[in-house]
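Given below, in the form of structure tokens, are the structures.
Paired with chain B in one complex and with chain C in the other, chain A is shared by the two complexes that follow.
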Partner chain A sequence: MEVFKRPSFYIALALIIIFGIIGGLGQANIGSAQLVANGMDLMMWIGLGLAMAVIMSYAGYVSFGHSVFIGLGSFASAYLIAYKYSDYLIKVKMAHGGALPTGTTIKFFVMALLLASVFAVLTAGLVGYAVLRLRGAFFAIATIGLNYVVMYLVIFYLKNYIHSLEGLELGNPSMGLTNIDFYWMHYFVFIITILVAYYVRVSKLGYGLAAIREDEDAAEIAGVDTFRYKLIAFIIAGWLASLWGVAKEFRGSFVATDDFNLLYSVIMILENAIGGIGSFTGPIIGSFIYYPLKWYTQTIAGVFALVILGILIILVVTFTPEGVVGILRRKYPRLRKYLE
Partner chain B sequence: MAVNGYILRVENVTKRFGGLVALDHVTFSVKQGEILGLIGPNGAGKTTLFNVISGVYKPEEGRVIFKNTDITGWKPHKIAHLGIARTHQIVRPFGDLTVLENAMIGALFGKRSDEITEEEARKIAEEVLDYVGLGEKKDLPARVLNVQEKKRLELARALSAEPELLLLDEVLAGLTPTEVENMLILLRRIRLEKNITIIMIEHVMHAVMNLADRIVVLHFGRKIAEGTPEEVANNPEVITAYLGDPALALRFVKKFRSGVA
Partner chain C sequence: MVDAGLLARLTAQGIITGLLYGSIIGTVAVGLTLIWGVMKVVNLSHGHLVVLGGMLAAFVFVTLGINPIIIFILFLGLGAVIGVIFYYSAVHGIIGHVDIITLKEEMDTLMTTFGFGITIFGLHYVIANYVPSYSTQPSISWRAMIGGTDVISIRSLGTAAAPFTVSITQLVAAILAFLLTLATWFSINKTTLGLTIRAVAQDSRALALVGVNPVRIKLATAVISTAVAVGSGVLYLIYVGSITPTSESILAPLSFVIVVLGGLGSIMGTYIGGVILGLIYQVIVYASQAFFGQPQQSLALATAFAILLIMLLVKPEGLFGRKKR
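Up next is the complex of A and B:
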């Protein structure tokens, strides 16, 4: 397609190739296990930043409760693996000589992605219909409310109907899946995320969202169906985040309070804010800045990690509201077409 | 210039904000291809009327009919798709987007929004930007433009939508006399070369009196006069509205006429 020939697509292409190479190295057992693990993490943080970008960087709506979609994705996969098909999977594993066959894993991965998508699209569509009539801080607060309502609904459902999703965990070594398997799952979701986020940015939808972000009322008068466009953006942003919830859960486990944790939203917002609002490359650069920072704050600062993150947000929002990409685009106008 | 039929009919439009009557049973029609001036003292309801026509406000009473379609209460974006474009009193550019992107938004979401491609929109936007004299600045972010350029950009965004009806809200405000002249030249070209009907709200009297075919005068939300510029200029109620005391106004007019020619 035409739009994929633009210079700004080179960054997306480069990332897809680089992470593919890392995966290839991991598959061939070259390099350390850390490489594969860090690669997965980085893909996820970039992917989440891009998911948030569709509603925040493009449309200007800060979805503070966006972690709800990660939680939904995680819940969808845990529901399938650790509950509904738990016995079936154990039977298959035993019949296959003690390790889950690749075909089955893939089948369940796809099933989980589909179920998560259904949850996310329904939630974003129905709730968005009401919540997108609010603006600014009110919208943000409403999404926080959404996050907790859904989280407590899930906890209630678990307590009264299922009792626990602490059944089968695919991350358990007995299932025969290794890090590199999870890496490819992450890679699959990464490719979807980056292509979708890029396409939205350069399509007519992207133009409309940009107009909404700059001046929503003027956009409406100029002919942009602002409500419909916002709703579509919110649905896409929620859907992408839910896919990462699945990837995350396959590798780890489902804990309601962890997966619906608002901290995910805060980090997604931070990546967009640092990198720059209004572009596709902004959140990507923001993720690259955040990721080493996360290492530093976690390993060295420990408990104070949250404090540091909070201070960072305040600093970024106060002093560089346009973000790194915003500053670059302003100082080097000729770079604009690479930094869309 | 042959003008057949009315492109816009405003019938009994009344708009209230709580106890305040902003528009009071305003009725007039606009002929296709004409330039209609909309004047009146500050607070007369001119911009409110534009807001009703473009769908931002829904009137409590009355109808707005565009080419035989009743568009009263329609959402603004649907009205834009019909072919009505508008500029604002205080310019509202999409600051972070380039000049070209601003104009493209007009084209992408204007009259042809259902079927226009990005390539076509880009071509139209470039042509329109050249037409209004902003061609060289098309890759600059809109926010770095000066006031005159921003007004031209707003006009370009509206023209890119290929409208049949153009609503200009004080497009000359804040411009120096030279800039006003330049804008008038541009507006005359638009009227001559494109088949666009224009309603212009204006305070720069000499401009609107010279440019407009007909004038509608609003005062405190009511239409107090309608006619050619000459008829309106001699209307005592209009003079009173602008100048206050009619007797004083007439003395002033006589003095002006005899003293200056």
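Up next is the complex of A and C:
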């Protein structure tokens, strides 16, 4: 595969190796619990940033309600493990002395990923087919609408047919899994996300999307099948986000309709804005800036975290419209082949 | 099976409540239709501004016990001050000196206004240091304002056991909301300032050529929009009787539905859109009791946002908006 021999692929490879090493250290009881937990968070933010990048950064369509896919993934896995097979899982756990055997865990994780993928691809395909004709703010508002339609339908379903707490939460059965198990689940989704997001960027699809981002009408005239390209990008972006919903739900031990919170979409957008629009490395750099900052402010400042985040968004968007990658590419042209 | 008589009675009560509720949420959306329709700023902090008005009013009412109608009038002024802060921190840096607003500016203001919104949201928790929420019911009521009973029952419409009820407090709030919308409509459509505001939406450079400072007009739009938002927040508080910072998560998305439904930039259209949506929402909430035994807000809200999606696809200029070429 020629696209995996480009210099920019080393960055993707380096990330996969680094997070693999962190997981290995954790597995061998050398890495601290803090390292594992933070590594997991960072992987999730990078992954979500890349999922958003496929539609926002590559194609220029800001999907403001993208959290709908996180929520769908979360709902899909909760439906399986917290409702459908809840009793079965507890029985298996008891038969194996208080912890789920690895085989069963993997089986259910993959099942949840598949169900989430079906949900996300169907939703993104059907709704994308309709709303991708809108541009700019109207597309953003339409995705917000989509987010709320799905969220309230999920609440309605949980409240009336599963009788969970007012439809807002559905608790997983205690499966006896450790943080390391969750780490490898995150790592699996992380590898998928990195490879897919990278491949989309450097393939023919990625160049078509870049043309759409720069000037959609010109791209159409030049022979790019803009609608099909946008639809594929939207489906991929939604699918990747839904995988993270599953990983998040396994770790968080319950589904909360809080996963539909628009704040998730905004953080995904912010990571892309900090890092720089139109590049594969943008959201990665954005996450490496955003996550430590968020973690630090939450740890030392508590309730001030949201205020700081809000002011940060305003400052970043107003004063550095091209993002970190944009600045680096302009100042150091030699880095360009790495910062694709 | 569903009891047809019960369903009809609940639906009728839903219509009465929906008219009042629609008046409130229609006015909440008027501030948004101004700034979005005129300045092309999709103000994602709109819901937070509305809730900020409600929270501050509740605080003033609970601590000082001033008549809420006086608070409402005072808060229109306070809203103007907040509008100046809002304009210079979140909007001016992006579109202050831009003549024609393109997609990039639109996306940038989308993010900065969201940043402004979560700053307000975070500040509630910084200041109060616990989950802040106020309940003003039943202390804000007709009894507190003038005296007399708060609920009027219309016996001739319902049965003797379950008469229709209309809260006078809610009726007063709905009427004040209509007056606020009317005043906004008057200032935009019938005054010179309103004329220049509508002109800046069309061609900012041409306006500068005839000697009007476009920045000042943009500031004026943001100020009027914020003042209406803050004022409608006070009315929302009077109507609902309780408020917390998370009330935003329903007010803001509903405002977007209403603006798209009524027509971008059309003030009376937005208000009527609000009444229509309020009717749909309350009728579903009440009528669902006949089917499920308890009100289903989630179903009503899912319908509301489905309307948003359908309107965007079928008639993006709204019911009362002007078609763009």
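Throughout what follows, the second predicted complex is superposed on the first by the 323 of 340 C-alpha atoms of A that agree within 3 Å, B and C clash if a C-alpha of one lies under 4 Å from a C-alpha of the other, contacts with A are read in each partner's own complex, and residues count from 1 in each chain.
Just so we're on the same page, a residue touches a chain if its C-beta (ideal position, glycine included) is under 8 Å from a C-beta of that chain, and two chains touch if they have at least 3 such contacts.
Here the structure is a predicted model, which is why all the values come from computation and not from measurement.
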item: First, second, both or neither for A:G223, with chain B first and chain C second; value: first
item: Partner chain in contact with A:R336 - chain B first, chain C second, else both or neither; value: first
item: Contacts of A:A137 with chain B and chain C, given as first, second, both or neither; value: second
item: Chain A residues touched - chain C or chain B, whichever exceeds; value: C
item: Partner chain(s) touched by A:D87 [first = chain B, second = chain C, both, neither]; value: neither
item: Which superposed partner A:L306 touches (first chain B, second chain C, both, neither); value: second
item: Touching both chain B and chain C, residues of chain A; value: none
item: Interface residues, chain A side, partner chain B - complex; value: 204, 207-208, 210-211, 213-215, 217-226, 278, 330, 333, 336
item: Chain A-facing residues of chain C, complex; value: 40, 42, 89-90, 93-94, 103-104, 106-108, 110-112, 114-123, 125-126, 129, 253, 256-257, 260, 292, 296, 298-299, 301-302, 305-306, 308-309, 312-313, 316
item: Chain A partner contacts - residues on chain B that touch it in the complex; value: 54-56, 75-77, 80-81, 85-86, 88, 92-98, 101, 104-106, 108-110, 113, 118, 139-141, 157, 161
item: Complex contact set, residues of chain A against chain C; value: 60, 62, 64, 127, 130-131, 133-138, 140-142, 144-146, 148-149, 152-153, 155-156, 159-160, 167, 263, 266, 269-270, 273, 303-314, 317-319, 321
